[in-house]
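When the chains are written out, they are named A, B, C, D and E in that same order, and each has its own residue count from 1.
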Amino acid sequence: MAFEPQTLVTMALAIVLVPLLGAITQIFVGRKLPKGGDWLAQACIVTSAILSITLFVKLVAGPWDPNFAFHSVDHGLSWTWIKLFDVDITVGILFDNLSVTMLAMVTIIASCIFFFSAGYMKGDRYYSRFFAYLCYFCFAMLGLIVVDNLLFLFVFWELVGVGSYLLIGFFFYEETPPIAAMKAFMTNRVGDVLFMLGLVLAWQLTGTLSYREMFEVIASGAFPVAETAGGLETHAVYTWLGLTNHGMLTLSGILIFCGAISKSAQVPLHVWLPDAMAGPTPVSALIHAATMVAAGVFMVGRMYPFFTPDALAFIAGIGALTALVGATMGIVMWDIKKVLAYSTMSQLGYMMLALGVGGYTAGLFHLVTHAFFKACLFLGSGSVIHAVHSQDMRDMGGLKKKMPVTYWTFLIATLALAGVPCFAGYYSKDQIVATAMAWGMTHGAAAWTPFVFAAVGAFMTTFYMFRLIFLTFHGKPADEHKYSHAHESPAVMALPLVILAAFAIFAGGSINPLPHIEHLWFNELMPTPASAAAAGLGLDLHLDHFEHNVHAAHYPALVVSLLAIIIGFFMARAFYLKKSADAEAWRQRFGPVHTVVSNKYYFDEFYNGVIIGGLHKLNRSLYWFDRNIIDRIVNTVGLTVRFVAFIAGLFDKYVIDGLVNFWRWFTQSLSSIFRLIQTGNAQSYLTWTLVGVLVLAFVLAGN
Amino acid sequence: MMLFLQDAADAATEVAADTAVVSATAVDIANSTFAGNLYAYLIVSGALFLLGLAAILTRRNSLYVLMGVELILNSANLNFVAFARFGNYGLDGQVMALFVIVLAAAEAAIALAIVLRIFNDFGSIDITRTDSLRD
Amino acid sequence: MLDFMFIFFASLALLGGLLMAFHPNIVHSAFALVAALFGVAGLYWTLGADFLGATQVLLYVGGITVLLLFAVMLSTRDAARISIARYALMAPIVGLLGAFLVTTGKALVPIVRAAGGALGPTEPTTEKIGNLFMDPTAFMLPFEILAVLLLVVLVGAITLARRGEEDAA
Amino acid sequence: MSETLASHLTALKPEIWLTGTILVMLVLDLLVGKRSARTVGVFGLIGIGGAMWALMNQSSVPVRAFGLISIDTYSIFFRALIISATGIVMLHGMVFRGIEDETRAEFGPMLVGAALGACLLVSTDNLIMLLVGMELLSLCSYVMAGWQKKERRSAEAGLKYLVYGAMASGLMLFGFSLLYGLSGSMWMPEIALAVSEAWSLGDAGQHMIVVIASTLVFVGFGFKISAFPFHFWAPDVYEGSPTPVTSMLAVASKTAGFGVLIRFVDTVYLDLTIAEDWLGRFGYVIAVLAAITMTYGNVTAVKQNNIKRLLAYSSIAHAGYLLMGVAVMTTATVDNRAAVGIGMESILFYLVSYYIATLGAFGCAMAFANRFGAETLEDYEGLGWSSPWIGACFIIFLTSLVGLPPAIGLIGKWLLFKATLSVGLDWLAVIAALNAAVALFYYFKIARALFLRGDTDYQEGLASKGVIPGLAHLSLIVLAIFTVYFGLMWDGIMEWVSEAVM
Amino acid sequence: MDQLLSFIIFSPMIGLLAIMFMPKGSKEAIRAIAAAATFVPFLLSTILWFQFDSSVPGMQFVERMPWIDALGVEYYLGIDGLSVPLVWLTGLLLFLGTFASFGIEKGVKGYMMLLLLLEVGINGVFCSLDLFLFYVFWEVMLLPMYFLIGVWGGPRREYAAIKFFLYTLAGSVLMLLGIVALYLAASGQGVATPFSIPVLSELVSSGQLTGNNLVDQGMLLGWPYLKWIFVVFFIGFAIKVPVVPFHTWLPDAHVEAPTPISVILAGILLKLGTYGILRINLGMFPQIASEPAIAYTGAILGLVAIVYGAFVAMAQTDFKRMVAYSSVSHMGYVLLGASAFTSAGLNGAAMQMFTHGTSSALLFLIVGVAYDRAHHREIEGFGGLASVAPTYTGITTIGMFAALGLPSMSGFISEALVIIGTWQVYPLLASIAVIGIVITAAFILWTMQRVFLGPLNEKYKDFKDVTPREIFTMAPLAFLCVLFGVLPMILLDKMELAIESLRQLLNA
């Protein structure tokens, strides 16, 4: 161990809290600092980056130990956050290869983006606030990575959501960004509460929320709390649902995965991601491409031993579907950022798919590599947008000459994304396709779907990326005016592009196009963890068989991938560079399909019309119900009174507010009747009195 | 008016001494059909009571109401005296009657003062017309 | 002799009462009331209440005379009007009360007779009553209070009436 | 004999003080005349204070005076209420603008006369004394009701009160005569013996005597306490009378009425030999009357616009509540007289709470009438802002009348309800509870008018400067403080009450 | 400081008296006195907070002396972990509320006096251990509140005030019934102090008090006597909470009440209902409360409040009404958590009482700021305020996020604890309850977006940002929202022992 536990924890805290400090400083005094305090924010994130890289070098690159894990809890370094009779939430730091790598990746990308932003956001009205938000986001994201506890992951999970909300809605004075921000937050909220339910269920099953303890409990097969939980409803509901421990574990896994569905923009909760592009481009690069959206994948990776095979299959299915759906939509978009957004969605689908089919390493590997090249792509697009002040690709073209740095870095990242051999993306993506194929081979029939989707997706990826490149950088400028004003971005923006492009090439850790998978750095460091769920439930995963198939699938999958890339590239070239094929004609040919896809499969319409519209209707009816029924039922003696009031028509104005008025009406009517006696005529008083005397006498005399 | 009442009290004592001649002997009473019969007195008192009520209930002039009350008081007094006499109850009944007579006189004095005010204010002493206080 | 006295005074009282209650003219009614009260005074005498009877005559007749004077002064014709409806209303009330009184009286008589036994001769009461009024253990207190009452009430009545005169002026 | 007389008189010191006060005031009236009506009033206050002082010094050992009066804790309790209320009313009468200055000096003797009558009324157990006391009270009240010179409604109130009162006392007297015939005595304990004998041994005819006599006697008491159906005079008279007189009627007169009613019921009907059959029947009627009275009072009050009239109906309603206690008393049996104590205790306590709050409420009504000539709810709008102290006091009194904490009214109601429930008259308690809900409406109509309606700007009213008006206002504040203080610390009152019950 | 509680309760009375003798016109002096008079109990309750020993179970700072011997009423005060945070919150909110009231110009004197009286009542309720005393204090709050709404309220204040009054009065009448019934049963058994909460709790939970002496076999109309009392108490408190069918007074009262009064109403008064449920319904009748059917009913009522309140809140166009309905929703968590009888659930419920006290108070202050400047509260009528009022928007963001239960804000802890605690017993209800979380987030963000974000509404281009005084009233609450979100144990630690003993009682 290179560091004392104490030091490690201090470093971890520094990594997480320094950006928070930056955020707080920025929000309160940022405006008063020279240059809007951007240097301060940059200093903060660079500090984190340096620390993270140090950790990476010392902990990961140094010992190179696949089993490395540092639990600060083991060293008595933990913080008891909540301790009640039956709730004990103690949080500590968890460093293992995954988290340290993630830390390094996030801080590096974030640093690049911080610098890029200094150029991109220059002169913005809320310049310093932007850095405050960015810092805040980094704090949350880094916190999410280092904690050893699912609840805290959830806490930071939500906080990154807030960061995202603030940043998407950064141009809050415009019409759409706030709405997009709200949409993002709300969509995430839906997933998050399901996540929370899953979390609660997991907590009930295992009695803890610490990753390691959870896995241990599950692996031991003892579900202490689940078995002892009594209560009127629990038993009935579980019995009714026929839920066994297995079922509950699967349910819990799926619910937890629901969090990832929204956070990582998986179908059907992906709708927020394209809209989130309303935020500033650096934000899209950092949050909606490299880090936050990947948090879902990270979480699934973290919780990997927890998922039962059924849950994993579900994950794979959702991932595959997302990969394909995202890619199809990427093809038809004209907005440069939207294309990238759908591409991100599709790639996240790949990662999920990989995790689902058992390609733990492949999925996470893709997470890391993708982060770099997608960040690079977004920053490149930001550079372009910065130059032409438009996001529509139909306004661009021929920018290659004007913006060489942007072009080349963009191209490198595109190649990486397409999975062209030797580039970082190739290694991870290839593994994914291979694993998917192996899964198909192992489980047969329907299990081939992920592979098919992945392959088709790979083709589409290449197609839309080159479509993007050709439309933007090649060909003739579509808008001469914009073209003439376009220029290469300043160094502060260009340099990050170059750095990220470098990572896009080298992050794979190899430039050997035919590597031995086991020897890729990532595979060496992060082997697939043993499934605790399977151990606990006593399931046989046929891992040997699967391993064998992965090996077997390696080369066939490579061939398929390459074919897809080549076909994709040439088709794109034909349509958009050479114009040898008429894109419009093909579009006509696929008319209905195109309509559906370019309308994003009508997801938004469905949500807006059916869910949100329905919700509003429901709300309004409930409010009506509240004012008109509950208020009155409780207030009035009942509807009967109201009915009578209506019929009589005499006093319905008195029934405005129930009991108060009804009672008032009642007593007042009675009062009016009683008052009739009080005529002011003393003689009649005397008469009444004597009548009273008689009645009294009769009553008293009677038996 | 005060003087008048005091005079009246003095005069009453004198008259009472004179009327002692009509006081009856035991023999007289034993021989009398009506005067020795409590029923007879009760019937008279009851009738007066009812007549008083009738006046109160039927007449609109407020003075009638007062006169009706006088009748009722007298009927009660008659009861007191008759019971005292026939039940050999002592003088309490008569004392009560005496008090009632004086009280009734005082009441009448107030009644007249008030009726006078009513007549001034309302221009009528019709009891059914003084109904400005009502619901 | 007593019977005669009784019949005479009782008739006087009853007839006076009847007239008072039902005569349309208030002046006649007032005189009828005087007669009735006088009749009652006579009945007191037949009962041996000599002092009481005398007081009745002097005080009541005096008081009622004053009352009458004002009544004549003040009464208006419409006030004397009698409404048939009121009689209709009055009849059952008075009738029922009368029935109650009859049953009550019937039950009372034997009780009183039993308590009284054979009737003794009547005696002059003036002195006894005077003694009672001066006896602290008998009726001294109410008697004195009555004095206070008369004082206060008459001051009050005068105040009320005087202001009435001022108003009228 | 003179020694005896002296000892009799010693027992009646407060009454002597009162009588002396009447005489002094009358003489002073002649001496200082119209110029200084308030001087007369001050002497009246001093006299009442003296009476109060004498009363407080009376020993709680029962004494009989003049063979007719029993001076015991019970009568001390009632007389304390009556005399102190008279003092406050006197104070208010001295400042009330409705009473003309030229007759203000004579007003005092009337008031004290009424108080004297009331004191005697609650202390005696002899029918003759009872009649004299009641008539003294009534006659003075008739005069006072018609006191206001320029107000023809006052004359009307006087007439109505007189007519009604005269007939009621006539009927009561007739009832007395029947009781006398039955028992041969004017003394309640002896009457009690005769009544119980007549009921337990007698036939239907003898029962009828008891029934008719009781009914007629109850007319007289019911008139004083304004219980249904003998309440008809109350709204009209309360509205028409000068406000201090109204509070006198509502407080002292009603208190005295209850004092004598309870004594009568306790002595005559609750005698140990009384047949339970009668008591049950009588108690049932009382309970029904209580229910009707409170319901009638509360419900009719809802539509009232004139504050005094509204308070009059509320006072009728309170009579209903108080009758609940009488109903509780009647549930006592030969073996178990506990209910008498419970019932009496609750009535007496309620009377205290009623006394404070009603005096206060009418006092506030008087203050508003004085300053702004306000009589109706419309007149009252926004006045709370112009006279915040009085307004706040008014609210406190209303709180107490409704029976909300922290005012003493709550405790009074609590005790009454508790008593009612404890003897099994559940239905009565339920009706009373419903009534409390109705009562909220009209009480808060006043509160609403005072503070929530109208503009909140300060309205210029007639200022009343000087010591006496200051004292009058102070009396309201003191009463308000009492309302809350005794609402929280009612131990003392409770002790006093249970002592009075013996 | 043996009489610390009495000092806390009655110290505002000194200010009240002082104000009483101030001339009507000297508003500034009156405000200053009021601020000082609310600061004293705040300071004292802060001392109380630190003096309170959370490692000792049971009541602390007990003051006990006979009051009304005839009935066995005592002056009996004491606090445990359940009441300490609420007492402190009362001190804080009244103090801040006084500052927030500085803007009120009409009838300052009366207003401040009523406010101080209100504080006396509230603190009294939280500290009373004698039912009679409890009831007296409970009612002491009623009238000041009625007037504060009815006099200083909005256009329909009268209606709202009367509605508030009638509802809460109905509640307190029911409560009184319960108290009387308990008293009758206890005093019938010769209990010397038949109003004492600890004594009664002991008797009831040990089965010594059954009402057998009053009704045959302790049964009344087919139910145990005590169950009736339980129900009566429950409804009485439920009206105050308010639980859904009885909640309609709340929006009206809130909408019409002046801002500081809304703050106090939402921040503390609603807690009185849940406090009563925890202290009396659960603490005194554990056997009845833990009957499955009753517990489940309570949980369902809580659930309905959560979901229904959130849905209805979303339909609101009036900013304040929306916040009011959100209170209905949030208070539902308390009931839901309290009905689960798990440690997490009960702790969550208790904590929710506090956290909702801070967050809803903050929200009402926020609404008040908008209303002060714009004189309306239509959500649609604003827009883009963030451009002109950044500080205001910042504080609002914290308040809103606290209300929607964002992790790191206090609301999250309590809601999560409630969900965790509920899930153990009622997984179905817990799963439905999360709908409330989603909807809450929806309407809060939606409001945020319509009021603060988007293009600036030109009408409000001169919208002033918050003044230092307003910041002073809001910032502490915002700070608390974050503080207890990050360090929940500060609060939970105080409550834990009290809750744990309650839990053991319920699960016995």
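Worth a mention:
Everything below uses one rule, namely that a residue touches a chain if its C-beta (ideal position, glycine included) is under 8 Å from a C-beta of that chain, and two chains touch if they have at least 3 such contacts.
Source: prediction; values computed, not measured.
Identification of common neighbours of chain B and chain D yields A, C.
By C-beta pair count, the most extensively touching chains are B-C. For chain D, the chain whose average C-alpha position is most distant is A.
Once CA atoms are averaged chain by chain and compared with the all-protein CA average, the nearest chain turns out to be E.
For chain C, the chain whose average C-alpha position is most distant is A.
Centroids built from CA atoms put chain B at 103 Å from chain A. Averaging Cα coordinates per chain places chain A and chain D 78 Å apart. Centroid to centroid, with C-alpha atoms defining each point, chain C and chain D lie 30 Å apart. Spacing of chain B relative to chain C, judged by their CA centroids, is 1 angstrom.
Across the assembly, chain E contributes residues 162, 166 that each touch 2 or more other chains. Counting partner chains per residue, chain C shows two or more touched chains at residues 86, 89-90, 93, 97, 100-101, 108, 111-112, 115, 139, 142, 146, 149, 151, 153, 156-157, 160, 163, 167. Shared interface positions of chain B, i.e. residues touching 2 or more other chains, are given as 49, 52-53, 56-57, 60, 62, 65-66, 68, 77, 83-84, 87-89, 95, 99, 103, 106, 110-111, 113-115, 117, 120-121, 127, 130-135. Here, these are the chain pairs in contact: A-B, A-C, A-D, A-E, B-C, B-D, C-D, D-E. Put simply, chain D touches chain E in their complex at residues 385, 388, 392, 395, 399, 404-406, 410, 414, 417-418, 421-422, 433, 440, 444, 448, 451-453, 456, 488-491, 494-495, 498. Listed in rising order, the residues of chain B touching chain C in the complex are 1-2, 4-5, 8-9, 11-20, 22-26, 28-36, 38-44, 46-55, 57-61, 63-64, 66-68, 70-71, 74, 77-78, 81-89, 91, 94-95, 97-99, 101-106, 108-117, 119-121, 124-126. Note for the complex: chain A touches chain D at residues 663-664, 667-668, 670-672, 674-675, 677-678, 680, 682, 685-686, 688-689, 691-693, 695-697, 699-701.
Those residues of chain A that touch chain E in the shared complex are 27, 80-87, 151, 154-159, 162, 165, 169, 172-175, 178-179, 181-182, 185-186, 189-190, 193-194, 196-197, 200-201, 203-204, 225, 229-234, 237-238, 615-616, 618-620, 622-623, 626-627, 630-631, 633-635, 657, 659-660.
The touching residues of chain B, when paired with chain A in their complex, are 53, 56-57, 60, 62, 65, 127-128, 130-135.
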